[in-house]
Amino acid sequence: MVRVGIVGATGYGGAELIRLLAGHPHVQIANLYSSSAEGEAFDKSFPHVSGLGLPDLMPIDAQSMSEDNDVVFLATPAGVSAGLSPQLMELGKAKVIDLSGDFRLESAEAYRTWYKREPAPAQWVQKAAYGLTEWNREQVAGASLVANPGCYPTATLLALIPLTRSGWVKPGSWIVDAKSGVSGAGRGVNLGVHYSEINESIHAYKVSKHQHTPEIEQELARQSGVESFVQFTPHLVPMTRGILVTAYGQLETKVTQEQVQELLESTYADKPFVRIRPAGSQPRTKEVLGSNYCDIAAHVDERTGRIILLSVIDNMVKGAAGQAVQNMNVMFQFPEKAGLPLVPVFP
Amino acid sequence: MVRVGIVGATGYGGAELIRLLAGHPHVQIANLYSSSAEGEAFDKSFPHVSGLGLPDLMPIDAQSMSEDNDVVFLATPAGVSAGLSPQLMELGKAKVIDLSGDFRLESAEAYRTWYKREPAPAQWVQKAAYGLTEWNREQVAGASLVANPGCYPTATLLALIPLTRSGWVKPGSWIVDAKSGVSGAGRGVNLGVHYSEINESIHAYKVSKHQHTPEIEQELARQSGVESFVQFTPHLVPMTRGILVTAYGQLETKVTQEQVQELLESTYADKPFVRIRPAGSQPRTKEVLGSNYCDIAAHVDERTGRIILLSVIDNMVKGAAGQAVQNMNVMFQFPEKAGLPLVPVFP
Amino acid sequence: MVRVGIVGATGYGGAELIRLLAGHPHVQIANLYSSSAEGEAFDKSFPHVSGLGLPDLMPIDAQSMSEDNDVVFLATPAGVSAGLSPQLMELGKAKVIDLSGDFRLESAEAYRTWYKREPAPAQWVQKAAYGLTEWNREQVAGASLVANPGCYPTATLLALIPLTRSGWVKPGSWIVDAKSGVSGAGRGVNLGVHYSEINESIHAYKVSKHQHTPEIEQELARQSGVESFVQFTPHLVPMTRGILVTAYGQLETKVTQEQVQELLESTYADKPFVRIRPAGSQPRTKEVLGSNYCDIAAHVDERTGRIILLSVIDNMVKGAAGQAVQNMNVMFQFPEKAGLPLVPVFP
Amino acid sequence: MVRVGIVGATGYGGAELIRLLAGHPHVQIANLYSSSAEGEAFDKSFPHVSGLGLPDLMPIDAQSMSEDNDVVFLATPAGVSAGLSPQLMELGKAKVIDLSGDFRLESAEAYRTWYKREPAPAQWVQKAAYGLTEWNREQVAGASLVANPGCYPTATLLALIPLTRSGWVKPGSWIVDAKSGVSGAGRGVNLGVHYSEINESIHAYKVSKHQHTPEIEQELARQSGVESFVQFTPHLVPMTRGILVTAYGQLETKVTQEQVQELLESTYADKPFVRIRPAGSQPRTKEVLGSNYCDIAAHVDERTGRIILLSVIDNMVKGAAGQAVQNMNVMFQFPEKAGLPLVPVFP
């Protein structure tokens, strides 16, 4: 059994990792770490896991972390991993899967601009593998440090990469209008997640300013060889889980619905967690809730010459903890689906 | 007191008209009509209005309708008004405010294509005034038949018309990503409005096929003199009321946030129900709930050369019954704000 | 025009007072007070009221408050009014309507036990009128200081008083199982109002310990002449507004549904804001949302010998700001319905 | 591998069985049956399971059902199993687990009174084992036909049986105030599950008339030897999944919180799906969502002499499909937890 440690266990990302790893056939949850609640029983923070026999929360210490685990998941806010992961890498024992954005952006300048803080050391940023499993499996398999993708980039990239690579869509024309449930904002308390403010309402936030924008642009460029801007707008929806991305691209050439369908289906034919939905589908976030699926549908609008892509994930699973487990499976040569629920919770 | 009749009173649009008109200082709710529940007490369908002393439901009959009312609101499904309104017009007494789409599209061909049914007689379609009050006040003031705008077109057009007229935005570049609460789907029962299917989920619907698309294109063309396509995608959000429109336009020229702000503020300076929010605002649907406001914010993205417009309304009020009352106020020379709540219900 | 001041204007209770008073024909919102946001424009906290021309927020000062207002509403947390209201009373000019619990409990001991803090000065507690308008109108009419009832006591007492006075129900047998929306918890931020924690969930809180328990017991005793315990359990429901009280009483004698119906209907025949629903009704909180109504239905269960009462209010209106305005109307001899919306917002 | 058939697969109960059984290590989903959608692919009704390779829907036929399955789950409306299960029993091959109420009530008279239809043949009702696994394991282990308990009775009985058996609570004093999510109403469409009617609202339904009342009374009597009435009131809460039962009992004797805690903990010490929460807990339905747990907390109110029990389940899991799988595990001597998720989906 591989020994797993989770840092930031008292946040939602950490709790979701526990849900998935507790049922994983090849791992043992060996250690839980928290800077805010050390020494406490984990189910004091999260009564839903009482009775599972989880270890108590421990303080964060790189040395013991490295010794006591085969792999460490960092489910921590931006900035923590930038300091901690290099220490773990230098100690050289435990592998690291980082769920934060600290190792995703190759450009230090971009990190400073969008995250408003200092980036992680460049040498380790360069060694990190970007963990969009379906497109980066080889790098992930050989990596000691994986930068797990952001929730929005995951839903966006899985839909946009095939079309961008095809050359059918005008570079720079992508407009990504994304809608997310509230759990993506984490467990911290502020007026922005107050029930009475969020319920029965929808709004856009961080218009033109969201830090997932450069991550999407970087990976689209890497996969297609063409640099271009992506217009990205996130919205907060009165639901707990789920992301829907509605993306609009200008077609450079006349393509049919059938061609697009064929492209997507062949691209993901052997990928167990991407489901290309039939022509005409309009997938709902609820149809992937609790699972590691990304469901994608394409609509060619012949009238306007555009393609509209719809992509749904559970932001806590494929958008965070699930993809992290999928990457661990690849890194340790477990079956890719190990420990990942196959059927969404519906309704 | 002006005598008011409401047809389709047992739907949500009818019920909302009653909420607003019951508190209107210059009208009397004289008659309620329903094809499905004639003879019944209205509060049997809607217990929330019990004790208001409303008239019982009557069968639909053009002759008596025309005689017993000064103005008739039609809150009926597509197709009903196409038959009934011409009869009322020929009888020549009661004015008509039609909340359906039957008299909004000038092109019979467009109506057939998008509504999949036969249009109303062309002579009456031509005489109908399109009731986007802020942009069509004069026509509305003199009209006997008003085509009250659709909910999506209202939120979209109030935001897009000033920018489209300015010439700053490339024709044909508008992409309108709209999000609506469920009440817009009406009170009819089907799996598409089943609580367990809608709750904790979001999805797009009628992608490239929604009948409000030609209405938006027609009015943008009329106000700007330039015909062009608009890409329109509606989404269903797990909330009862509210529409948020996020619209993206490609700038043809370099304009600043200040110029856009100034344009919008001056355009709507004397319009009591349009509020231009300060630069940087990201309005929430909840901030207009229950009121007749349309709140608009603009974001110029210098990096991508685009403008993003955010526009929120309560689909039942400014998107339906409230704008209908506003149009009645103009038609009967009442103060424009008469009977319309000034403060949204928050939280 | 009566000049009104509102203290604690940046909470939900204050905002709701503004919604109601902004449309009130006989008052002017003269002053808004806040200890946390003085000097700021009110719509910085609450964009939904932008454009209303409200006064900026002022610091709390008893002297100027007393001089500049005819009546002051205190929408403040427990403990504030205990200090401020006696000052205002001694200054002797402005009347006070206190929405907190500071002047509701006659027993200082009970206040200490349930509120865990020191009570207000006994002399002023004795002079305060308990503002359950329907049962205390005369006292309210002559009062300078009104203790506006709690949200749960309002919904509970309006249902239970008639049955308790009738002698049909065994003293001490009342079990009150109450369900509330989240807005009752106020605008402060904590994990207990975090969207992701509340959504898609229901739970009981303060079981056997809620401070509204002695308020209910005190008023039932006052109205019926018999002291007894009430079992009270509040629950938090994933909705913003609304309270449903389900109350169970053991019948001492055989009474019929008709007798109960007749008792309730005659008791409230001339009360504009209490609606007795027909036998068999199961009222929904949504049917009073945004309005000052309390809707009540009774079910006699012959099999078990119990009566079940259902009572719904909007906790922000009849449970707080609406009843406060109703009390102001009585104190200033305005029509009781002045400024209070007659039709709930449905759906 | 045990071959499993599911009847009524296109309802929510059927879909939830598929979620659980698809991940079960010892069974194979061999056949899906539906009277309304035969011949169709299952994922046409439920896109969330696309890609699982499920069998197409087949017509309901007792003969082939019996031959092609080792066990058949009936997730059908009341009345269907009454006819079908006896046929399957007579054919004598496949075991049956019935999720409907048809075989739960021993008294034919009670079934007629509360279900308003004719009961199943008495001989088979007598042979059916009531599948409250924790209290009836031996009978379930030897049964060919299991009557899976109702959702409300499951949450209620697991909490009430130990206290009722203890003799500490006055017979006939139990008042059960239950709150349920909407999925319990099934997938059929009607105004009672319309999103706009349910959202932002709570209401009681079937007051004194719900068919789970006699089921609760029967099993309490069986386990305690004392017949008595239970007052049961269900409520509909704006959430999809979850049941909270708040139960009130009059104590006959003075017992302490510690005694109650000890009683509950020892009763369920070896039961993997019942978690007794620490004294003072107020469990939330969300803390068991998606899992087979029933979490119970007790509150002794010394002031009033009552005990308040709080019990939460996921109505689709422990309240239906999960308990059915648990019963199957017992019937086929699989480990009791096989195929049942151990960690709730939170948040």
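In order of appearance the chains are A, B, C and D, and numbering begins at 1 in each one.
What we mean here is this: a residue touches a chain if its C-beta (ideal position, glycine included) is under 8 Å from a C-beta of that chain, and two chains touch if they have at least 3 such contacts.
For reference, the UniProt names are A, B, C, D = N-acetyl-gamma-glutamyl-phosphate reductase.
Note that this is a predicted model, so its numbers are computed, not measured.
In terms of the distance between Cα centroids, chain C is separated most widely from A. More than half of the contact pairs at B-D come back, by residue number, in A-C, the repeat among A-B, A-C or C-D.
Chain A and chain B have Cα centroids lying 39 Å from one another. The mean-CA centres of chain A and chain C are about 46 angstrom from one another, to the nearest whole unit.
Inter-chain spacing, taken between the CA centroids of chain B and chain C, is 36 Å. Contacts with at least two other chains are made by residues 12, 181, 183, 196, 199-200, 238-241, 283, 286-287, 289, 347 of chain B.
Those residues of chain D whose C-beta lies close enough to touch chain C in the complex are 172, 175, 177, 179, 181, 196-197, 199-205, 207-208, 229, 231, 233, 235, 237-242, 244, 246, 248, 282-287, 289, 299, 301, 303-304, 306, 308, 310, 312, 347.
Of all the residues in chain C, the ones that touch chain A in their complex are 12, 181-183, 185, 187, 189-191, 193-196, 198-200, 238-240. Per the touch definition, chain A reaches chain D in the complex via residues 12, 15, 18-19, 22-23, 46-52, 183, 199-200, 240-241, 275, 277, 281, 283, 286-291, 295, 341-347.
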